[in-house]
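Below is one structure; the comments refer to it alone.
For clarity, chains are labelled A, B and C in written order, and residue numbers in each chain start from 1.
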Amino acid sequence: MTGQPLPEPAPSPTATDAGIPSTQRAARPRWRETLGLLARNPAAAVSGALLLLIVLVAVFDEALAPTGPNEISVEDRLQPPSLEHPFGTDDLGRDIFSRVILGAAVSLRVGFLAVAVALVIGSLIGLLAGFYGRWVDDVLMRIMDMLFAFPAVLLAIAVLAVRGPGSGNTALAIGIVYIPVFARVTRASVLGVREEVYVRASRSVGASDLRLLTRHVLPNAAPPIIVQTSISLAFAVLAEAALSFLGLGTQPPNPSWGLMLAEGRGFIDIAWWLAFFPGMAIFLTVLCFNLLGDGLRDVLDPRQRTLMAGGAR
Amino acid sequence: MTAPVLEVDDLRVQLRTPRGTAHVVNGLSYSVGPGETVAVVGESGSGKSVSVLALLGLLPQRVATVSGRALLQGEDLLSMPPERLRQVRGPGAGMVFQDPMTSLNPVLTVGRQIVEGLRAHADVNAAAARRRAAELLGEVGLPDPERALDRYPHELSGGMRQRVVIAIALSNSPALLIADEATTALDVTVQAQIIDLVERLQTDHGTGVIWITHDLGVVAGIADRVLVMYGGRCVEDGTVDDVLERPAHPYTRGLLGSLPDLAAPVGPGGEVPDLTTVPGLPPPPTDLPAGCVFWPRCPVRGDARCETEQPPLVQVGSGRSGHFGRELPHRAATWCSEEVR
Amino acid sequence: MLRRTGQSVVVLAGVSVIVFALVHLVPGDPIRLALGTRFSQETYDALRERSGLDQPLVEQFFSWAGAALTGDLGVSFRSGETVTSLIAERLPATLTLAFASILVALLIAVPLGTLSALRPRSLVDRGATVLSQIGISVPEFWMAIVLILVFAGTLGWLPSGGYVPLTEDPLGWAQRLLMPALVTGVVSGSVITRFVRSSVLEALGADHVRTAQAKGLPTRQVFTWHVLRNALLPLVTVTGVQLAYLLSGVVVVEIVFAWPGLGQLALQAVQARDYPVLQGAILLFAVVFLVINLVVDLLYTAIDPRIRR
């Protein structure tokens, strides 16, 4: 962005050793400290706990769901929430509670997969661009600009149009969309670390590039990437829901939250619970990832190098 | 005897911080006569900046508690209603800040920033205010003032910007000028120019000046009187000659010792005498020591009262009847002052 | 500035290659896919020749890109209409929605963000923080469905969707615009609120604000000219970026509210495998995105004296 002051040079390791808190070293041996600080942010702490719960639910989905995802029971169709069916039933008599639980597995799997794609490819590109600079940087970042010029949802739609719908392709599509974001964040972070004393010192004693990158640059450039990961997970879950809602993502009869919303939409005026509960599930999951991201940002990246949540919606 | 421009009596400032209440200024009293320059010196964190910001109500109200009295031309700044205080800022007291790189608004022209100050206090039309602004810029030594009016701060050098800030501070002919580390961010030649400028304007207008600095060289050059602050208290004050030549407080002596004295004789072997510095750090204002604020760092402590009883500010030496027809005693707050005498 | 424009041109060239490549990445024969199972060889050959698919790939690209430069984006596989005319038909609806949304977003964000910054940790601030966090996290289509349920269903105040041109029925136009603009506006508004808040907070703490106070300016004047003006300058950038996202991000909302915009066109093209239309729509969005970003950068250079040359 133009007109913004450049980030200050990163503090040197001597400042860290003197006990002055530094963002650069925060990530490496200080997991406990990070968690401690995070726990002091109630929103982030609650979000983290809730996310852990959601992930556990997604992992043990089949054990937890009272019924199978596609157990049709015609006499039970369109039942409002009750003790037997906490979230009610849909037009085919399927238990929505069970489908929301099983949908968690689908939505989170796509979300994590998508972010993994973006994280691995994007960070690698950013790392190379930031570390080697010059023409490598120019070429790689110009390509990232091209990818970034595509509107996020539309790019995902285009990828799905080419590859066809389905969960795996949805993850790929969302992952591709987020590659340039990770590339930019990583590059900026690496640029901040590259000229640090300890990196130059290791270089001067003849450490190989690979060793430099993996031992010194990456660990110290990690905090903003971690923050970005949390925020990107929020985006990915939301995007998976949107694409499934449009009929391009997860295909029926698989219970994805976005798909359930699309199916429930037609019944909104006679059976609100069809669309309400999956919508709530999306909302809560996304909210938790965003809040956790904000909390992590406060702890790990006080200079706010990562994109704001929603900045790339 | 001329009435002082400013009389500060028992000024206290507390700031609420995440680490507890910070007692930043703890009972400060002094006065500034017309045409007189009072230098307030001390390390960073001694409360000197906060003490003047408090006078003009420029501390964030949500965290600052200010008490005491500060009569500017007979009116108490600390108890006046906000609107009156606004009217006083400018014509009553002008202020020059430390960093000319940030103390001007980067997106407004220099002219606009002077004009708005003028028009906030006097009913003048835009054209007249602009003419006056150009005059002011000429007065503070900006070349081609007419054109400078339409410049943005980033188009000027640091020294030029500080001249603009001074022009703004002086635009309403204040009775009191407060310079808060006004030359610290500038290089030495520009520093000297700015000091000359302020002295000249002071002589022309009879303005009282409070000059806050940690640079004792500047103090020697500009001040009539000196007030040494430590831990939010005045630990020594007096005429510039008294304080710099006959320092009574161990802290002042430490400060002076830490100056490389260019006039000091070079040792027989040609070695330059060591710099004596004050070892340690000033106490955190959230946790001031009981007794003398300086005792934890004091090289000559030893009096039983040092750790328990706060030394009062008492006259040391002869005291002298100074200029401006006022008594200008030399005072220090230390249990060691007898030993000094 | 020339450099900046040059960069945009390079990126645009790359973008057009990617867009072009999209269609040719489709496994199989795009025309066969588009036509489905029942078609005559004549139809097939005619379409194939008209879309130039019988030419070598590189030649195809240059004739496509060359034509695109003159505004010719080819012909729809489905309707046979030119892609340009299809897009031109849909563009006003999307532009209307995008601008209405950004208006809603700014109307929410500027007052709310400013108030929060003026009273940090107050009730207003905490409320605004919670609301913007919700706004960022809520799925647009879900909010859209809920709004339709309440305002079109239960209360019956507004039509559930559709579009009429402003010139034909101003009231109907406004009624149909309100809900979609609100949904997308709330989401963008949440992002911008957070930005305004941090921007105003930063401006409030700036040294020059103290200078302005010290010269005795009235509080309102200090706030307007030394805080707000400085804080809102970068808002131009953020608003531009949000507008660019809105232009494409409204796809889902367009579907829910049956708003006949470009997003709907693009989705229909995907479903019908109408690749020239999809190609044209994506290219247009990318161009619009680049142009808006370029304009925002140039505009910012013009209004911020610090980077004016």
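As a working rule, a residue touches a chain if its C-beta (ideal position, glycine included) is under 8 Å from a C-beta of that chain, and two chains touch if they have at least 3 such contacts.
In this text, all values refer to a predicted model and were calculated from it rather than measured experimentally.
Novice: Thinking of each chain as a vertex joined to the chains it touches, would you call that graph a line, ring, star, complete, or other?
Specialist: Shape = line; chains linked end to end, path left open.
Novice: Between what two chains do the most C-beta pairs come into contact?
Specialist: A-C
Novice: Hey, which chain ends up farthest from subunit C, C-alpha centres compared?
Specialist: B
Novice: Quick check: how many Å separate the C-alpha centres of subunit B and subunit C?
Specialist: 54
Novice: From the mean C-alpha coordinate of subunit A to that of subunit C, what's the distance rounded to whole Å?
Specialist: Taking the average C-alpha coordinate of subunit A and of subunit C, the gap between them is 22 Å.
Novice: Please work out the Cα centroid separation of subunit A and subunit B, and write it as a whole number of Å.
Specialist: 53
Novice: Going by the touch rule set out above, which residues of subunit C reach two or more other chains?
Specialist: Correct list: 233, 304, 306.
Novice: By the touch rule stated above, which residues of subunit B touch at least two different other chains?
Specialist: Counting only residues that touch two or more other chains, subunit B contributes none.
Novice: Could you please specify the touching residues of subunit C with respect to subunit B in the complex?
Specialist: The touching residues are 206-208, 210-219, 221, 225-226, 229-230, 233, 304-306.
Novice: Note which residues of subunit B are touching subunit C in the complex, please.
Specialist: Residues of subunit B touching subunit C: 53, 56, 58, 86-91, 94-95, 97, 99, 102-109, 113, 116-117, 120-121, 152, 154, 165, 168-169, 171-172.
Novice: Can you list the residues on subunit A that touch subunit C in the complex?
Specialist: Per the touch definition, subunit A meets subunit C at residues 1-4, 142-143, 145-147, 149-155, 157-158, 160-162, 234, 238, 241-242, 245-248, 258, 261, 265, 268-269, 272, 275, 279, 282-283, 286-287, 290-291, 294, 308-313.
Novice: Where on subunit C is subunit A touching in the complex?
Specialist: Answer in residue numbers: 7, 10-12, 14-15, 18, 22, 25-26, 133-134, 136-142, 145-146, 148-149, 153, 187, 190-191, 194-195, 233-234, 237, 241, 244-245, 247-249, 251-252, 255-256, 263, 266-267, 269-271, 273, 275, 278, 281-282, 285-286, 289-290, 297, 300-301, 304, 306-307.
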